[in-house]
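Across the two complexes that follow, subunit A remains constant while its partner is subunit B and subsequently subunit C.
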Partner chain A sequence: MLMMGAVGLAIARIRDLFAVSMLSGIFSLIGAAAYVVLDAVDVAFTEAAVGAGISTVLMLGTLALTTRKEKLGGGKSKSTTAFLVVAVTGAVLVYGTFDMPRYGDKIAAIHHHVVPRYIEKSGEEVGMPNIVTSVLASYRSFDTLGEVFVIFTAATGVLAILGRARRRREDEEADEGGSDTKGAAS
Partner chain B sequence: MMHRKVVLRVVSKFLIPPILLFALYVQFHGDFGPGGGFQAGVIFGSGFILYAILFGVETVKRVLPPWSTRLLLVVGVLTYGLTGVAGLILGGNYLDYNVLAHDPLHGQHYGILIVELGVGITVAASMITIFNVFAGQSGGD
Partner chain C sequence: MQGLVDIFKPLYDLWLSFEAFMVGPASPGLLGYWIVIALMMTGFYIVIAHDNLVKKIVGLNVFQVSVFLFYILMAKVTGGTAPILAEGITQYSNPLPHVLILTAIVVGVATTALGLALVVRIRNAYDTIEDDEILAVEEEEDR
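Our next item is the complex of A and B:
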């Protein structure tokens, strides 16, 4: 946790965006390690692959398209306001965690609603040794269907924005330079 | 530009087949160990993305042309959705796996397997598609 805080501070301080994207990858990797410590191995999988791997690669791809240096904008008053907003929001969030049950608390509400039924009955009802899988794919399959649609929508959105822009550029190049440039560009 | 990085090329050539194999393991072993469709799809997609970084997007596009990843994207979502419809046709509720086979437990097993496969295909296809579109912008490498 301390390491995550240190990396977060470094991200806020550093102006070189290449280093910032690398540091955010490291941040995700430490987060994945934290999930392993909390026994959530599959979440750690996802965090390591998506957070540390793919999103870092996408950030670097964006940097290659734009620029490496952060533009310094805004005056001192602007950054003070931003700092105040962030500090107040963070304080409220930390205050909210005081009400949460301690980690591993067995009288916490989350362990008493449907979890006992999942643990006791899923062997008979679904027959999977891995309760996480049976909860995700069977008891809560509508949730998972929604998540799949979210990912699908994300991919279609990226295609709709970036895919069309590229095609238009190719068309313009084709209009300007004839068919040879189009073959080279595609 | 990437042709000179011999160590990276050789090591990744060794690593990419195990990465893809591990993705399949996570996919089909998700009933027993940690993992499932999401994780498997992400790992599978990152294997392709690693290859694309080192050998160029064009090389990957020869194996997986853009239309195929877009098709897989739709196939994954439809696999999930149509499994639910199959439950409806066989007389259950939407996404009710009990009716997919004579034994409800087997039905659950098939249902979860197919649904996780749909999730995995969607996630892998969308990761590869997003990366390809990003990397295919002119000005990138």
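Our next item is the complex of A and C:
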């Protein structure tokens, strides 16, 4: 996790966007390793495939369609203000953690209520050894259905945004082509 | 050889004390949360201090991953294993945050894709992906 901190700082400093997108992939991958250490193997799978894989590909695609370099800008006053805001927010959050249950605490509130039931009964009720899968696909399957709707909406949105841009560019090119021939004719 | 061991001994001791501080019963046990907060603030800083839109989206991703890590940290139980039913294991880590974060990762990628598509569209319209330059173009158009 300290390594993730180092990579995060590097992302904040480096201006070459290609390196930044690669670093964000590395960041996700280290995150996936941390999830394995913290017993969340399913989450680690997803993060490695989706966070480190698909996100990086999407970023590189965007860079191919735009630019690779970040311009210098903002100025000193802006980054100082930003740093102050961030420091104050961080201090407030650290103050908030003093009321948190300690790391690995067995009697923390989130380990009670429905969770013991999932752990004890899901084996008989769903028949899947992996509790995460049985909660995702059986107990909370409506949530998962909603997630599918979200992805569908996002995909539709991406296609709508990019598809329209492409069509417009083609129109413009057609217009330019038309005026060129007109110019040549006159 | 012995010299090499002597060099690395203090480093190893430092790591052991770090681990004890992190999980030991007498420790505050909050260090993980603090690292998460540091990561979160790094992402936040990238989002508000940089003008480049792609960089802002990367910052949002960093923020997002730190929130995921926060949930997974809370789900960990000392002595527990991954929540997959097996013979002879009595203590599992909490599966519910894992399910939530599984969903959140996929939704996060969907929003990232949408944001990057918007960046491409902005680049087509304004010919730049820097926030301040977009503002300058807008002001010029208003005039």
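Just so we're on the same page, the second predicted complex is superposed on the first by the 168 of 186 C-alpha atoms of A that agree within 3 Å, B and C clash if a C-alpha of one lies under 4 Å from a C-alpha of the other, contacts with A are read in each partner's own complex, and residues count from 1 in each chain.
In the analysis below, a contact is a pair of C-beta atoms (placed from the backbone, for glycine too) under 8 Å apart; a residue touches a chain by one contact, two chains touch by 3 or more.
No experiment lies behind these values; they were computed from the predicted model shown.
A.B. asks: Between subunit B (first) and subunit C (second), which, if any, makes contact with A:82: first, second, both or neither?
C.D. replies: Touch partner of A:82: subunit C, not subunit B.
A.B. asks: Taking the superposition on A as described, I'd like to know which of subunit B and subunit C A:149 touches: first, second, both or neither.
C.D. replies: First partner only, subunit B.
A.B. asks: Examine A:138 and indicate which partner it touches, taking first as subunit B and second as subunit C; both and neither are also allowed.
C.D. replies: The answer is first: A:138 touches subunit B but not subunit C.
A.B. asks: Which partner does A:57 contact after superposing on A: first (subunit B), second (subunit C), both, neither?
C.D. replies: A:57 sits against subunit B, while subunit C stays out of touch.
A.B. asks: May I ask you to decide whether A:46 touches subunit B, subunit C, both, or neither, giving the answer as first, second, both or neither?
C.D. replies: both
A.B. asks: Using the superposition on chain A described above, determine whether A:19 touches subunit B (first), subunit C (second), both, or neither.
C.D. replies: Neither partner.
A.B. asks: Can you list the residues of subunit A that touch subunit B in one structure and subunit C in the other?
C.D. replies: Residues 41-42, 46, 50, 54, 58, 61-62, 65, 129-130, 132, 136, 144, 147, 151, 154-155, 158, 162, 165, 169 of subunit A touch both subunit B and subunit C.
A.B. asks: How about subunit C: which of its residues touch subunit A in the complex?
C.D. replies: Subunit C reaches subunit A through residues 22-23, 27-46, 48-52, 54-55, 57-59, 61-62, 65, 68-69, 72-86, 91-99, 101-103, 105-114, 116-121, 123-124, 129-130, 132-133.
A.B. asks: Please give the residue numbers of subunit A that touch subunit B in the complex, ascending.
C.D. replies: On the subunit A side, the touching residues are 41-42, 45-46, 49-50, 53-54, 57-58, 61-62, 64-65, 125-130, 132-134, 136-138, 141-142, 144-145, 147-149, 151-152, 154-156, 158-159, 162-163, 165-166, 169, 185.
A.B. asks: Looking at the complex, which residues from subunit A come into contact with subunit C?
C.D. replies: 1-2, 4-5, 8-9, 11-12, 17, 20-21, 24, 27-28, 31, 34-35, 38-43, 46-47, 50-51, 54-55, 58-59, 61-63, 65-67, 70-71, 73-74, 78-79, 82-83, 85-87, 89-90, 93-94, 97-98, 100-106, 108, 110-111, 114-115, 118-119, 122-123, 129-132, 135-136, 140, 143-144, 147, 150-151, 153-155, 157-158, 161-162, 164-165, 168-169
A.B. asks: Would you mind writing out the residues of subunit B in touch with subunit A in their complex?
C.D. replies: Residue positions touching the partner: 26, 30-39, 42-43, 45-46, 49, 53, 70, 73-74, 76-77, 80-81, 84, 95, 97, 104-105, 108-109, 111-112, 115-116, 118-119, 122-123, 125-127, 129-131, 133-141.
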